[in-house]
Structures are given as C-alpha cells and as structure tokens.
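By letter and in written order, the chains are A, B, C, D and E; residue numbering begins at 1 in each of them.
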C-alpha cells in the first residue's frame, strides 16, 4: 500500500503551517521527514494518519492494505504513549481488544511481537519499571501487533539519550531487514535520517514546503555507526538547513 | 388495628403529656399507634409538620410557625404549657458580672444585652415584652442554641436571659448567674407552648385530631395531678419521675435526673385549653416587629374548633 | 552513492486510491458561554412557572420573581449594605488571619522536617473537625462579639491553607533549589527567591478553596450573636421559614463566592503570568 | 590525531590544594515519626496539667483525662456503637450517593462541551452555598428521617467531587487519547480504557476532600431530628455545655477523618500502584 | 585553577555507584565524561561542584580561582534550571544579587554575557517565550556572569532537539575559542564528546569506574560537523561502550 499526498496546505488561525506539499511514500521504504522546529512535520504526519484534516489537498492511500492488517496507518509517538496502568502485554492487548482479538489469539500475537523487540522477559512489567529505550520498544511492539501497512513515526527516538538512540536504531534496522516495512519517519536528527532513510525529504521552516528530496542508495544493513560514507550527505543536508534552523530557533514564542 | 401517627417532641419535661399518654396507653385507647419523634429544637419540628413527616407537635409560637401557618401548612389547635400564678414559671436571669454591678431587677437592664436563640424566637418575644413593660431598651443577641446562650451568660458576655425553671434553678445554684425576676410578672398566663398540627389534619382529619387531643389530655391531667397537685403524694411523684426519665435526661442516672425533672414542673393546660389572648398578643408582636407578614390573621394561625379557649 | 532529485514524485504502486479516514478530533472541550446562561434562565423560568401554576408548592421553593423582589427591597431599603458590610469585614479579617497564619505555618512545615513531623498529624487531626461543633467553645474563648466570628472563619480557612501551602512548597522544583545552591545563594535567598515564588501557584489555588470555605462558614460564624450580616439574615429567614429571604441571602453568598473566585483568577493572571 | 592513555593522571598546575566546599543538602523533608507523637503527648499533658493546676479554667477546656473517661464510659455502656452506627451508615449512604453522582456528572462535563458549558457555572454557583442554611428546606424536600441526612451529606460531597472529577478528566494526557484514536479504538473504548483510568488519581484525591467534607457535614445533618449519631451527641453536649462529651465527640470525628484518609491512601496504593 | 579527584567511592544505600575514581581536570580544557545510563556521571559532577559529598575520597581544587571569580564551580544543568517567573536578565541578576552586585555593575555584566551568547534582544523575555536552545543559552550566560573557574555541565544539550544541539555546540566552541574555559562536560552523546572534548573519560556501567581516557589533539575550532577525522575515535568509543550501554538499558527499575 502506498500513500500519496496531493497539494496539501494548512494553517492554524493566521499561521500558515504547510504549503503545497505533494509527496509519494512508496511501499517497503522508509521516508524521513526532516526540517527545522515548528515547520509542520508532526502536523503533516497527523494528516497522513487521519488524526487531523488538511485545509486543502488530499491524503490518498493507493492499493489495499496487506492481508491481516488491523490498522493500516499506525503511529509510534515520541513520548511512547503507553498506558502507565497497563503492563507491557496489557498495552499491546489494548489495541487488539477492539478488533475482538482476545485470549489465545492475542497471546500468540503478543508473544510474537515481544520476541521481535526482545522484550519477552518483560511482558508483565509496568511502564514505570522500564527505561526509555524499553518503553519505546514496547510502543514499537504494539505498533507491530496490528500489522500496519505504514508506520508513522514522530521523532520516535528523540526522547531517548543518545546511546539508547543508537541501540534502537540498530533494532529498527534489524526489524526492517528481516521484514521490510513502509514508514514515514519524522526527525530533527540528520544522523538518524541518513542512517535510516531510503529517501529524505527536507522541509523549509514554517510555512513548511519541500526544499529537496534526497535518495540514499546504500542498503540499511550496510550503513555503519559514524559512517564516513554518509558524512557527506549529512553535511550537505546540514548546510541546507543550518540557517533556517537557527532562525526557527530564535523566534519568540507568544503565549 | 390502631392508626399510626407520628408525634414530635423535645426531650423536655414540658412534653410530659405525650410521654405519659404513650407510656400509659392513652393514645392506644384513643385508637392511635403513636410513634414519638424527637427533635433538638422547636423550629425543625414545625417544618417537619409542614412537610408531613410529623402529625402533631408541641412547641412555642415562633415566627417560623406563623410563617408556615401563613403558607397554609400548620395550625395551632390547642394550648400546652402556661405560666400560672403560684407555680414557678420561666425565670429571668442575669450574669454574675451584671449582678455584681448592681442589676437586681429587670427594670435596671436598660441598654443591656439580652440572649435569644434566634430572632423571632419566644425568648425574643419575652425579652421584648419585659423591656416594653419596664420602658427600657435591650439589645438582642441571637445565639442559635440554648447551650450557647448559657455559655455566653455564664461568661458574662450577655447580661440577661429567660428560661424554664429546671434550667434556671441549677444555673442560679452554681452562682454563675442570678435570678432577678419571673416572666409571669410581665406576662401572666403566658401561653408558652401550643399544640399544633398540619392544616390538612386540622381540616380533613377531624376524628384523628380529636383522638390525639383526647389521649394527650389524659396524659396532661395525670401530669398535673401528680406533679402539681400531688394527688399521688411523694410516691406518685417518684413513679411519674421514673416514667418521664425514660425520655428526659436519659443519659443521667435517675437520682441525678430527678431534681431537674421536678424543678421543671409547670402547669400544662387541662384539656389543651388555649389562651387565645396570649396567642393574639404574640402574633401582634411578631407583626409589629416586622418578622411576619402584616396580613396574617389569628384565624390563619389558630383553629379554635377543637378545644376550649379562654382569654386572660 | 547519494542522489538528489527534485520534489516531483510519481505513484509507485497501482490499485484503487482512496482518501484516508479521519479518526481524530473530540476530547477537547470547547467553550460555549451562552449555554450556561441558557441553563440558568431555563431553570429560573421553570421554577417561576411551577410556583405560579401551583405544581411547585410554596413550601418547596419560593417564586424567583419574589426572591428578586426581596432583593430589590433589600437594596432600596439600604439593608443590603447594612448586612453586607459586617459580613465582608468578618470575611476579610477572618480569612486574612487564617490564611496568613496558614501560609506561614505551611511554609515552615515545608522547610523544616521537625515542624513537619510535629504539626502535620495535628493539622490532619484538626481538619475533619466540624467548626459548628465548636461554636459553644468559641463563645467562651473569643466572646460573642466579632472575636469569635473572626476566629471561626480564621480557623476554617487555616487548615486547608496549611495543607495547600506545604504541598506547594514540597512541589517546588528541586532542580531550581539545587541551582540556587550551586551558585552559592544563601538559605534565605533560596527561600525568598526560589521557594516562595515557586510555591505561589499552589498557595493561590489553595486560597481559592480556603475562601470558598470562609464564605460557607460565614453562616456558622453569624450564628453567634450577630444582628447584621448575610449569615444572620439567612438564619433569621430560615427560622421564620421565609423562603424568599432565605434564597435572596443564598444568592448573595453564591454571588460572593463567584466574585471571590473571579478575583483570585484575576490575581493569578497577574501574578502568575509566567506560567505556561 | 587521537591518543589513548591510561587512567593515571598528574596534577597539571601548582598552588595550594583545598577540598571543595560542600553547599548542597537541605530542602528535603525527612520523616521523623516520633516527633508527631511527642507533640500530641506534650499538648495533652500540658492541658491536663493546666486544668489540674487551675490556670486553665474548666470553662475553657475539659481535662483530657475526663474526656478519656467519658470515652471509656461511652465504650463500656455500648452507647459508642449506638451513636457510631447511624453516623457511619449516614456517611456511607450520603457520601456514596453524592460521590457517585459527582463522579458521573464530572465525567460527563469532562467529555461533553455542552454539558460543561451548561453545568459548570451552576456548580460554581452552588459551591459556596452553606449547607446549613438550607436545612429548613431539606426537611421539606426530604423529610426528617434518614432522607434529609443522606441528602445533606450527598449534596455536600457532590460539588467538590464534580469539580475534582472534571479537572481530572481534563488532565488526562491528551497524547494517550490521540494514541487510542490512532489505533482506531472506539469512543467508548477510549473513555473506558484511557480516560477513566487516567482520571482515577485526580478522582481519588478529590474523594479525599469530599469525604472530609462529608464528616464535617455529619454534625449539620444530625441537627435534623437525629436521636443517635456522633453529630447529635456533639450537638447535645454543646447545648448542655458539657465539654467532656463535646471533646469526646470531636475526637471521634477527628479519628474518623484520619481513618478515612488512611483508607483512601491505602486504596490509592492498591489502585494507583502504576504511578511513579 | 585545576581540580583533582582522589580515589572517590560512593554508594546510595546498597547500590554501589562509583568506585575508585581518580582524575585530574587541567585548567583551560574541556574534559568530557561519558558512560552508560546510571553509571554515576551526574553524581560525580555533584561531588565536584560541592552539592554532594562522596563517601570516600576527596575533591581538591588546586590553585586560587582567577581574579573576579564569584562562584568558582558553576553548573549548567540539563533542564536549564531557569526561574520561570524571572525574565532573562532577572535570571542572571539572581546570581549576582547575593554578591551585592546590583544596579549599574550588574547591568554591565548582564549586557556583556547576553552579548556573548547573542541574547541581547531577549533581555526582557520570560523563559516561557524562549525555545529550548535559547533557554540553555540563558543558562550559559548566567554561568558566565559569575566568571567561573570551572564550568560543570551536566548533559547541557540533551534536552534539545538535534539541530539546536548542533547550533549550541557551535556556540560553545566559539565561546571557548574566544576565551578558553575549564569545563567538565557530562554527556551520553559520543558525537558531542568527540566534538567538544580535549579529553574524554569513559566510565563503565554502574558501579562506575574509569575504563579509559582518550585525548583528542585536533583543535576544537577545526573540528567539523560530521567530521570524518573523528569518526574513528567515535567508533572506538562506541565499540567499547555498546554492550555496557545495552545491559544498562535493559535493567528493570524497581520503584
């Protein structure tokens, strides 16, 4: 299943947030969205996931979602969004219950996704007992449980410390290599983008427009930690964004 | 199968008529199955009769009662406690401080403070009539509860008050307060409390109301005969005190309660006779003070068709 | 190895295209001011109709227009201010005493472990004591004049203020205090410049509750020998079973509560403008 | 360009060496249980001594040992349970009614903008109404039996519960709700599985206040024709100016408050174990 | 002024946190402390700053602090620790007031440090109006205002998004180049460590011991964004830490 954005424009009140965004997200690839603070990355992702509606333009899903897909467009949030009063398995069964999947069938799915995220030992732990990295792995397991057509990830690593971030990137690469998934991956972090993205979409500062789309051919599994091959792309991206980032950063927030 | 009625009462000796009628089966004889319902104060009892929770009650005439009568909810149908010459009635008390400063009669209370439970209570009426008779000015302090008034009087924060003898005498005995007069000097034959019921009972349930009055009157006669006229001698008094003690001062042993019960003896009107003159005087006072509506007539308050009335 | 392309894209897979389903929204309360007014008006109209038509007995509820009439009369006769004056001064003095003592003690409890250990259980034990139960004592302790009224209101506002204040002090961001220490600020500076301003929001929201309680206690306070005062007015109306006046008094108290709450909101907006 | 050395180091500059000055610590309350007990004991001992020595007049405070004696007597005579029984059942029924209605309405206000707009101003207006002022009305509305007592307590617990509940619903993490929607959960599932459990901590802490108010209102409720009950006992003692019994009753209420608060803490520990 | 740690050991209750830490912090250089979560980096920094006392061992300051130094050991915190009720200049004057510096003298110092952190336009803004990066620049300005001998920085950038982090790293390098300061800089982020550190101290997982000390000779000003010269050091550090980091990350927190 592909996603196509057609001429999306949006404003909150008087602030123009997104302008003329057209974009295709092909199946089986990770598309990274990068851009300065407040340029509308999260807003765009919410449009794709159907949590909000753009003022103009359309978000289309092309082709049917794969067999057994419970929730074609599935989010992974920056703040994990785990229910603190449910255990790890309870958090996963939450998204199955509404589809009438309980008991044995649920058990099987939960065991499978926990194994894939190496969390089998923590099935009965409460979120408060988990480190940030483990929490995000639970959130990823939950997303995998509904067998999504597209994973919408909004800065999934940016609440984590940088070492955990590295470890989770490895995990994501392993997951993708074993079974490629489609994903829109929003991030601020260019190192992350060049590590995980097949295609990197650079947005301008608010109102966000598409500045450039960069493709990286090197297979995910071959990209190294601090990969000198990717340094050049990363520097290119940063050159393009630095001034915009600084300007975005120095705006006063009016409350 | 006797008819079930609810009678409101306070745990005061002045309600002995009802207690005796229950204990000695006079209500049962009249065809009533009476349940006594006790209240902390008279005002809620009037409201309870208006709301239909209670059928009959005995209480002083207050602004609230008159208001409810005006709204067509309650009617006075008879008299109960009265002041009577020769029998200790309500006493006028002053605080020790006031007494020490030389106040030994109500006439000397000019400019002093007078304790009342609430504006428009019977204390207010009494104080006001005393002041009028003596030609003095009093300031009235509403303190809501008898206990609070006692506290204020004991500590000299108010100067004067009036209260039934069984409370007045022990208080005076302790030396913290002093008796300087009697209410009956100012309001002879003051109809202190009245029997009342809902307008509905008075108008529609004539038989029921009459039955109640019959039972109640027998209790009252027993009480007057034993406690005031001493028809049964000391033995009769002891037995009666024991009976009343089932309802009054129940938390004290009998030997401690007995003096208080005996001290509280006042005449209850035989046959629930009603002193209409006193009632009219009270109504007029409430109206004059602006506490109740000018338009209320005595007929709205009193149903004189049940008992013998008199004017004194 | 890297390839920069333009932003034009073609769909990569075929099949039916459909728009994604919207599933967000909701769970975000919106303000609809007029509904509140409408509900009020409807309720009052209903009661007015009921009392006029007779299916609400005059014993149950007064006629709203009569209540309004009573209110107008109160206003015209100047009695309103005769009653309002003493009540407001009792509220002001009592609440000021109780709240300032409460804030002081609350801050001490928040700052000193020994004070906390000694007084928190005491405050917890005092909290559920109904103030009206203590009326007879207050008469002895503070007399029946203004003293006992101030004391009752002060006492009633004191305990909730203490609890709110030490909770607020406990909730002051510890990292700010650590920052103060790391810059070598004196203990007093830390308390004055970090702890107290940081506890302000909690103290003010505690004050909101304390003042509501103070208004509620006005009636209890004016049980004791008050000739004038909204509480005394209500009590008198109650004892005369004069529902029009009772409701007029209750409406005044209710308005007073709404005004006080609005005033605190105003103060919060001024003083706590730094909050996000 | 990079050089890996072992972890041994030599000082790089000369001069006097001194240890860095410690400037942390403090501002972290420590628990000292025994101080609370000591303060209690000291207070009681002081009053006992004062009343015995005579510098506290018996009008001001009762002798603690006499209060204790009264309490023992109450216990032995079985009167304690005769009073406690009805009070507890009034508390239970009244608070259960008021709190459940309050939680229900609070949740509705939290979920529906129209309900919120219509009822929040009403609740705000009802909040500062003193319940004792309405006693005469309650008799008419609910009778003098248990009905009016339940109603008074229910009414008193209702408003704070509503306010606490809708505040709690408002404070439920919006990102959790958004998560629920993003997984296509039904509205009812979101309310049941996300909103209600998320509002639980706020509701419980609101309940703590509501129950304290319920205990306080017990006395007011038992002003209305109650023969037995702690409130009635206190009122009677007050009207007889019997300080020993008054204090014995007040101590019982205070204990009741402490027990209820401890019970809620226990429930919180059970139900809200997921909180950090 | 130098700092020397001598044989520091510490435990909280039964958990041994730090063992046998001996370390010298030479004047004018930035020493980075890296190590997995919970290994005691922040604790060590608090010892150095005198906010806490180690159970064993000593922290010595060698030589007198420079002239005009109001607070020799000055922290910059991860969460900025700005008083939200004071404006930018109020937050800075806070740390001057206790030294009796008010009015004109304070004004001069504040203007100077705001200029150095490019915040002159925001002197009267409240913290809530500032972006994260600007908040941290205020915190740095505040630290500079007391003219510290040593800046103790506890993950000063880890609350910021990665683009802002890059911008602030540039700012720190500019500040240091203009006037070298001494600093102990705690971080999880190896890219940050190789970018800013003259010396990188690697701690093991809890109980923290010193695994290795790495010196980087390349001058700060010459280090690039995504510098291929530093990739090797960074990879070496990550090889050393990866397994420890994973183990630290997968511990259950008992609450």
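To be clear about the criterion, a residue touches a chain if its C-beta (ideal position, glycine included) is under 8 Å from a C-beta of that chain, and two chains touch if they have at least 3 such contacts.
In this text the structure is predicted, and so the values were computed from the model without any measurement.
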(message) If you apply the touch rule, which chains end up adjacent to both chain B and chain E?
(response) C, D
(request) Would you mind checking the shortest number of contact hops between chain A and chain C? (result) 1
(message) Tell me the chain pair with the top count of C-beta pairs in contact.
(response) C-D
(message) Centroid from C-alpha atoms only, then distance chain D to chain E, rounded to Å. What do you get?
(response) 45
(message) Taking the mean of the CA coordinates per chain, how far is chain C from chain D in Å?
(response) 16
(message) Need the CA-centroid distance for the pair chain B / chain D, whole Å please.
(response) 42
(message) Just the number, please: Cα centre separation of chain A and chain B in whole Å.
(response) 83
(request) Check each residue of chain D and list the ones that touch at least two other chains. (result) 23-24, 59, 135-136, 140-141, 178, 181-182, 184, 235, 238-239, 241, 276
(message) At least two partner chains per residue is the criterion; list those residues in chain B.
(response) 43, 47, 50-51, 64, 145, 147-148, 151, 155
(message) Residues touching two or more other chains, restricted to chain A: which are they?
(response) 49, 51, 73, 128, 255
(message) Taking the top-of-page definition of touch, could you list the pairs of chains it picks out?
(response) A-C, A-D, A-E, B-C, B-D, C-D, C-E, D-E
(message) Which stretch or stretches of chain C touch chain E in the complex?
(response) 175-176, 178-179, 181-186, 189, 193-194, 197-198, 200, 272-276
(message) With touch defined as at the start, can you tell me which chain D residues reach chain B in the complex?
(response) 59, 135-136, 139-141, 143-145, 223-227, 232, 235-236, 238-241
(message) If we count contacts the way the header does, which residues on chain C are in touch with chain D in the complex?
(response) 23-24, 26-40, 43, 59-60, 110-111, 113-114, 116-122, 124-137, 140-141, 170, 174, 177-178, 181-182, 184, 187, 190, 195, 212, 215-220, 231, 234-235, 238-239, 241, 243, 246, 249-250, 253-254, 256-258, 260-261
(message) Quick check: in the complex, which residue numbers of chain E touch chain C?
(response) 49, 51, 70-71, 73-75, 77, 79, 81, 83-86, 94-95, 97-98, 126-128, 146, 152
(request) Flag every residue of chain B that touches chain C in the complex, lowest number first. (result) 43, 46-47, 50-51, 62-64, 66-68, 71, 73, 118-121, 139-145, 147-148, 151-152, 155, 157-158, 291-292
